[in-house]
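Structures for review follow.
Two complexes are shown next, each including chain A; its partner changes from chain B in the first to chain C in the second.
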Partner chain A sequence: MEAAAYKTQEEFGQFIRLHFARQDIPEQAVVSGMLTLTVLRAALLRILQFLRDDPVCRFTQLTDITCVHYPDRADCFSLVYHLLSPMMGRRLRIKLATQEDVPVSSVTAVFANAAWYEREIREMFGVSFEGHPDLRRLLTQDETFFFPLRKTFPAAGKVRLVYDQAKGQCVYVPCAKPEKESDVRLDRKMS
Partner chain B sequence: MTIFEDSYFMNIAPFPAVGIGMGRLVARLDGETVRRIDPHIGFSHRGIEKCMEEATVLQGLVYTDKLNRSAPFSCAYAFVLAVEKLLGITVPERAAYIRVILAEMGRILSHLRATANLASETGTDIVYPLVNRASERISALISEICAGCPVSVYIRPGGVRNDSELETADHLFAWLSKELPPILSDIEGLLTENRIFKSRTVGIGHIDASLAAAAGFSGVNLRASGVKWDLRAAEPYDAYNEVSFDIPLKTDGDCYARYLLRIFEIYQSMSMIRQLLEKMPEGDVILADFTTRQTEVLTQLSRHFELYGRGIALPAGEVYSAVESPLGEFGVFLVSDGGERPYRCHFRSAGFPVMQALDALTEDCDLADVRVIVASLNIITTETDR
Partner chain C sequence: MEIKEIDWLDQMRQQGFAAITLRVFAAWVQENAAAAMPVSMGCCSCFGQLQQVGVAPVFNPHHADVLVVSGALSNKAAFVLRRIYDQMPSPKYVIAMGTCAVNKGLFAHSYAVADVADIVPVDVFIPGCPPGAKEMTEGIRALRRVIRDKIRNV
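And then the complex of A and B:
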């Protein structure tokens, strides 16, 4: 078998990078036992297509897509794609750094089940996707005007819903600002 | 897919009608034939991923326990494995054995409930009392192992919370050999060759292997279509290396195949528990550094306060760890910045891609079959929505 030639994760990463221009996959690392490739936005679809169709890779299943928010970075969102090859028993992580106002191309054309993951990322982080068939909300209600999983959003929330006796309906009121920065973070400062 | 002019929309809710959680299906019907289904989820969304960022590992474990109540330990297990991978620790052998026993008991419980739900949707309500009898016994046994707390932070980083009593093994043996088999044969006798049950499930909700794999299916739902992929065998964690077991496989990919696989897997889990009990090694059940018992030894006492007060410090890095939960692959993607609380914790739920594929699974099927298909897939919306 040809695949047996790429025994270590590093060698396998080198094999994948051979098929693309050097700038398409600028970084490769093995993080906690999983090969991680950092890719460029323009090459994302091509790389995923190759990984799915190549007889040595056979990453036929998209395990999930998620996002991590780093407010301090210029490209503050890191999209993380996990791929699985049941036939070869391999896993692979692909990372892509992006910003809020530049849309990422949707990978629904390559992996159909990416649709809901991208919908979730859209509503939770505010990352937009290009070429997605249906970017409605998935988990939150229609009045959600914030992105809950961003680091800049407090876990306690910014508004809360209360019943207004005078108006006879539910209204949003702002949450009181905590006096301390955060009670739960207190012990970290002590150490 | 043709949408006819006289087609109309219909809300199918609450869904699943049996089992845990809630959701809504918006179906486009043409007469009684389903043309499209649009699942609306999020009714059980509790923002657990956000809560995890504010919680230490031990606090976060309580949230993960609540993700899937029908299969105890499956979600917490994945989180604990991810934390241990990040810390680079190996648990004592005895703890690994106990964990696998609990995970398999949870699998039996979840599969039994799924079977009862499916039977109920096809009109065989009599399976419920049988399953309730079995699941009460399983809950009692789990309580016995976990020292009295059925939903507990029992599986934790470094091992398990406490060792169980000596006679627990005897109780488990008795349960495996005397109590469970008659219930299982009753259920099988009621369903497997039942003409009505078969007419409602055989050939219904069919999905073939390549579609199921591409849709992100895992676990029973994937193996029922003929893809042999089981994380317990492919990426064995803890004590799954020590046991021998078969991976039951069907190629039909319909509701009946999924039902049969669940029953077969229950027998495999029983054999696994028996093997592990026979080989159960002696020794500690938790690493000394992670013991959270109050003792009189001052160094341990201060460690106890550190673990509870500040939490376990996670080294910076990121890790993905998955377990074969009864619903399929349940994964945890953990990012740490070096603090005690995860920087980001994402759950890959097994039901999420399945829910997404409902539209394809129910295409051109009868309205009455939708509930059967949903029950056969064993979707737990608390796990899907997180």
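And then the complex of A and C:
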């Protein structure tokens, strides 16, 4: 009933921003029909906690966490949190710009399913999280020393796995330079 | 595959009748009783298709003569595949079944997929996505030729 007062997405965004300091949520936009809040690193956990527990918001589900790499920017990674409120029938997107060196606080304390998302983001992009209970790799080999989903990483990889007869084990060897034009196109431009 | 024609009479004169007969018999046994171990990592699972062409699958590398690899081999699985291959008793043969195992197929540009031929020595490649009964029959026939030649021409 109280939620009915915030009919439009903009009004709802204003309602959320009222509960925090102005600098905690510097931007608010409606992108393709979904409210998008840009938040600061320090306020992330407080905001998610509020969104989950507030009786008007009730964003009890964390649908997904994704990451986008912008090689040109200073804060080159953008973490995107998607929230769903089944009771209120709303969705919400939260964005957070970060760098490689500065860790983001893990949201596993608020949403337990964030654990695997954050593990995958760490191995694919190299974004570090603090306060995560178990930051092992999720999909790739333990010895993997590259971050495959970064824009600066060539799609076909820089190494390939072959069996070394002399050593008696599988070893990584550097890839040959791509010869065909179609292969070159897959190698994204290095920044 | 080119089959070498052997002058059996000449061979018998050189090595003796018993040795040659024994070797031909051994080759006949090996090629007809090869037990294949399927390692399927993709959508063309090889159990049914192997049984279609009359090869009994076994699920222990210690009992297998032939390793049948199907599907895209990820880097993580490559170590396991090599370990399975190392556990098989000699003489051992490998079939790469399906386009993914032959030349990575759809996953050719992936950083995480290894070439099966780089990890284990492949004797027979069976193309197809998935290989039909005709290709499978051809492949098994080719494998029997490989086994026969290897044992007879020691």
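Note that the second predicted complex is superposed on the first by the 177 of 191 C-alpha atoms of A that agree within 3 Å, B and C clash if a C-alpha of one lies under 4 Å from a C-alpha of the other, contacts with A are read in each partner's own complex, and residues count from 1 in each chain.
In this section, contacts are C-beta pairs under 8 Å (C-beta built on N, C-alpha and C of every residue); 3 or more make two chains touch, one makes a residue touch a chain.
Values in this document were obtained by computation on a predicted structure and should not be read as measured data.
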Have a look at chain B and chain C on chain A after the superposition and call it: clash or fit. fit
May I ask you to name which of chain B and chain C touches more residues of chain A? B
First (chain B), second (chain C), both or neither touched by A:Gln61: first
Considering only touches as defined above, state whether A:Pro86 meets chain B (first), chain C (second), both or neither. first
For A:Thr140 in the superposed arrangement: first (chain B), second (chain C), both or neither? both
Quick check on the superposed pair: does A:Glu100 touch chain B, chain C, both, or neither? Answer first, second, both or neither. neither
Touching A:Asp24, do we find chain B (first), chain C (second), both, or neither? neither
Expressed to the nearest 10°, the angle that the Cα centres of chain B and chain C make at the Cα centre of chain A is 50
If you stack the two complexes on chain A, which partner ends up touching A:Met34: first (chain B), second (chain C), both, or neither? first
So, does A:Ala155 touch the first partner chain B, the second partner chain C, both, or neither? both
After the superposition, pull out the minimum Cα separation from chain B to chain C in whole angstrom, please. 7
In the superposed arrangement, what residues of chain A touch both chain B and chain C? 140-141, 148, 155
Which residues, counting only chain A, touch chain B once they are in their complex? 31-34, 60-64, 66, 68-69, 80, 82, 86, 89, 91, 93, 111-113, 115-117, 137-141, 148-149, 155, 184, 187-188, 191
Which of the residues in chain B come into contact with chain A in the complex? 41-42, 45, 47, 49-51, 53-54, 85-86, 210, 213-216, 227, 229, 234-235, 309-310, 317-320, 322, 329, 331, 333, 335, 339-341, 343-344, 346, 348, 352-353, 355-357, 385
Listed in rising order, chain A residues that touch chain C in their complex are 140-141, 146, 148, 153-158, 160-163, 169-170, 183, 186
Where on chain C is chain A touching in the complex? 75-76, 78-79, 82, 109-112, 114-115, 118-120
